[in-house]
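One chain, chain A, appears in both complexes that follow, with chain B as partner in the first and chain C in the second.
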Partner chain A sequence: MSDGLRAQVGQLARRSVLRTLRQPAQFVPALIFPLFLLAVNSGGLKDATNLPDFPTDSYITFAVAVTFMQGALFSVMNSGTDLARDIETGFLNRLALTPLHGAALLTGLLAGSIVLGVIQGVVYLVVGVAGGVEVAAGVGGAVVLVLLSVAVTTAFGTIGMFAALRSGSGEAVQGLFPVFFVFLFLSSSSLPLDLLTTDWFHAVATINPVSYLLEAFRSLLIEGWNAGELALGFGIAAAIFAIGMTAAARSLKTRLVRT
Partner chain B sequence: MSAPRQTETPGFRAITGAVAWRSIHNFFGNPALLVPALIFPLFFFASFAGGLAAIGEVPGFEFSSGYTAFQFVFVLLQSAAFGGVFTGFGIARDFETGFARRYLLAAANRNGIIAGYGVAALVRAFFTWTVLTVIALVAGMQIGGEGIELVGLYGLAILVNIAATLWAAGVAMRVRSIQGGPLMQMPVFLILFVAPVYVPLDLLSGWIHAVASVNPVTALLEAGRGLISGDPTLIALAFAIAIALGFVFAWWSRGGLRSAEAAG
Partner chain C sequence: MANDSSNNGSGSAGIEAIGLVREFKKGPRAVDGIDLRVEPGEIYGFLGPNGAGKSTTVLMLTTLLPPTAGTARVGGHDVVSEGPQVRSAIGAALQEAALDPLLTGTEHMRLQTALHGIGKGERERVGNELLERVGLSQAADRKVGGYSGGMKRRLDLALALAHRPRILFLDEPTTGLDIQSRTALWQEVERLAAEDGVTVFLTTQYLEEADALADRVGIIDHGKIVAEGTPAELKAEIGRPTVEAVPRDPAQRQRTIEVLGGFGECAETDHKGGSVQLAGGETELAEVVRALDSAGIAIESLNLHAPSLDDVFLAKTGRSLEGAEEAEAESEEAAAEGAPA
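Now for the complex of A and B:
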């Protein structure tokens, strides 16, 4: 990376991080809402651990993986809404007049998602452990959990950016939230794949990549170190990141031509 | 010289009809409003009844009509409540655009405005419930209750819809901006989810059991589940709670209307 490009990324990253941290309305719901659902679901579905072959006797340990995923979904909203606001207010048009590199814009904007991912990962883990979550992989596993949270949050953030560049509307980005919730709910979010007894639901959850992201989180929490599950989780996050970045870069080119 | 022409002031029924007609027309004519109202309950039903079907096999879980019917009642009452909340969003939007102020100017009996929104909320809810019920039956939902019990179940849902609409209307008329949306939505969301959503109250433990035991929604859910399975329970309590909520929120929405009138 050239010095010029590094400076551009640095400036935009700084702006993105500050913007995220200065707007509690953005990151507080991303912390509170998933933790509330964790509390409710871990209480309400506690008896699911009595099902034969349920992998753990602590439902909160099983359910906290969903909390990490819900946090990542908020990243779609945050990164996308920020960029959409830049488009709506004309800030992107002003940037287009400068010699700014497109890659610097996208990379810089993701910095906010990365910071949010770190904050979310640490908070969910600390609150979860205080509430009874066990991390079978130990302290090292806890670190990898946060890294996986950052990877998933960043990957989903690229989809938010793509949506913003494609639509140019914050409202359209907000409209993505329910769509992503569908992906989350139609997965192994509440029960393991093997215990999804409804045929069509089992089939959908099996091809839903979110199920495997959840399995990666759960492997560290329930099993310990499972290289296969982790590789699959990080691999899916990397694939979402690559697809999201490519789509966002193409949309950015189109949008800059329009402006 | 002829006498000046008198314009007849529209009465309660005319205002109710006009407000309801416009809201219903907006709802059915705008896919951005129609689709989420329909998709969300269906989606919750699919993910709860489909994804959690194995919960019906948890030791101690006894519900004669099966897990699909168990979750159907929750989704029915949830859609009733959220139908009311979404109507509140429409009221807030009408205030933001200034349309509601025209209602206030034109209506002699302004209670008709609230009633009109209420009628629209009910029509929306009937549409959603029809689709939800058909899909549940196609999915194999077993109904143990008889006709009168099912009337009771839907009657309960109607009362919940009215109460939720009056709650949301009260907030919308006080805040008069769509920014009041979370204020309408979050309390309803919280009170619904700290009830026995996934398993009966007896199978809950810890803090959620303590909260669910005093949550009025628990009685509504248990009565609804009793009605669908043909094993009525807590019926009088549930209807008393639903009617009481309706009266409390009618008073609350009337206060909201006064606040909107005072704001001009």
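Now for the complex of A and C:
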């Protein structure tokens, strides 16, 4: 990476992080809402642990994986809404008039998602452990949990950027939230895949990549070290990142119509 | 104010457009075959009502919108095939200062200078220098969300100057500003052209702005340039000044009209007096005063109306600039309601 490109990425990343930290109204709900749902679900569904073959006797340990996923969904909103606002206000035109490299813009913007992923990962983990969550993989596993949280948050962030660049509208980005929520709902979020007895639901959850992201989180929390589950989780996050980033880069070319 | 230069309009710091057109798929021809030439160091005022095609022209000249037809060279580079070279030569403050309300003035400067490839050691110095020049040193560490409209415009200007461009595009830079902020911005623009030799392409819908600031003015209406020249040339083209005299004693009105008639065809006015277009220009005003005095007419008021750019706009388009604004607004309203415009 050349010095110029490094400086561009650095400054845009700095802006993205500052924007994230200076908008508590944006990131605080991303912290509180998933934790609130965790409290409700772990209280209301704790009897699910009595089901035969349920992998743990602590439902909160099972459910906290969903909290990480919900947090990641918020990153779609944050990265996408920020970029859509730049388009709507003309700030992107200001950037377009500089020798800005498209890759620097996208990479820099993701810095905000990465910071959000770290904050979310640490807060969910600390609050979860305080509430009874166990991490079977130990301290090292906790670190990998946060890394996985960052990977998933960043991957989903690219989809937010794509939506913003494609639509140029903050409202359109926010309209994605229910869609992602449906994906989360139609996964192994409430029960392990093996225990989903309704055929169509089991089939949908099985092909839903969100299920495998959840399994990766759960493997660290419930089983300990499971290389296969982790590889699948990180692999799916990488695939989402690659697809999202490619789509965002293409849309950026269309959006930045400079000659 | 234009610098003497052997460079032609498309030279190192000039602007030249030939037959520039921009059509939108489902809209009108926003820019309809514009030819213009701005010499290095010149302040060129692009005057016209809302929707006339000013901003679309700026977007094409700044490489942000490809032309449908025609060619344009900015700073010696073609806007279509040499976009990066054009962008490195220009600075632009586009309509509505596009700033991040969550960043401070200093942070904006740091980002802008970094994106322009200014070395790390230089960034702070350049940023501070420009913020001081536009009078924002005291507010440099405040978030832009708390800035006034004038402060935002000044920061916008500082950002446009971050990489020392030879050509500056200002798209309606003083719209919505109070007179004090407007004057301060005019002074800075004049200084840039006079001292730094920066070529300034300024769009405006304010007659007085074009009149006060521009070396030459292009008047645009419905995507076409309808008049071009120095403000004085344009005014001279459409007529001579008019003097209006109102006698203190209403009984002397007829006598006043007779005296004024000696200088040209006199018309009665609504203000209990008469007016005449001075065939010899404003230098005849003294003679008018002497003639009225010799005739023993005590004068209540005497006004000299110089032709304005609005008169030029009226002469070229059949509408006043103000009327054109209103018509444009009505047309947009009608279009929004689905009624025939």
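Note that in this section the second predicted complex is superposed on the first by the 257 of 259 C-alpha atoms of A that agree within 3 Å, B and C clash if a C-alpha of one lies under 4 Å from a C-alpha of the other, contacts with A are read in each partner's own complex, and residues count from 1 in each chain.
FYI, a contact is a pair of C-beta atoms (placed from the backbone, for glycine too) under 8 Å apart; a residue touches a chain by one contact, two chains touch by 3 or more.
Remember, predicted model here, so these are calculated numbers, not experimental data.
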After the match on chain A, would you call chain B and chain C a fit or a clash?
-> fit
Angle at the Cα centre of chain A spanned by the Cα centres of chain C and chain B: state it in steps of 10 degrees.
-> 90
Does chain B (first) or chain C (second) touch A:8, or do both, or does neither?
-> second
Taking the superposition as given, does A:18 touch the first partner, chain B, the second, chain C, both, or neither?
-> second
Go through the superposed model and pick first if A:174 touches only chain B, second if only chain C, both, or neither.
-> neither
Considering only touches as defined above, state whether A:56 meets chain B (first), chain C (second), both or neither.
-> neither
Min C-alpha distance chain B to chain C after superposition on A, in Å, is 16
Contacts of chain A common to chain B and chain C in the A-superposed view none
State the interface residues of chain A toward chain B in the complex, per the touch definition above.
-> 36-37, 39-41, 43-48, 50-51, 178, 182, 185-186, 189-191, 195-198, 200-201, 205
Interface residues, chain A side, partner chain C - complex = 4, 7-8, 10-12, 14-15, 18-19, 22-23, 86, 89-91, 93-100, 257-259
Inside the complex, what are the residues of chain B that reach chain A?
-> 36, 39-40, 43-44, 46-47, 49-55, 57-61, 190, 193-194, 196-199, 203-209
Quick one: which bits of chain C touch chain A in the complex? Just the residue numbers, please.
-> 62-66, 79-81, 83-84, 86-88, 90-92, 94-96, 98-100, 102-103, 107, 110-112, 114-117, 120, 143, 159, 163
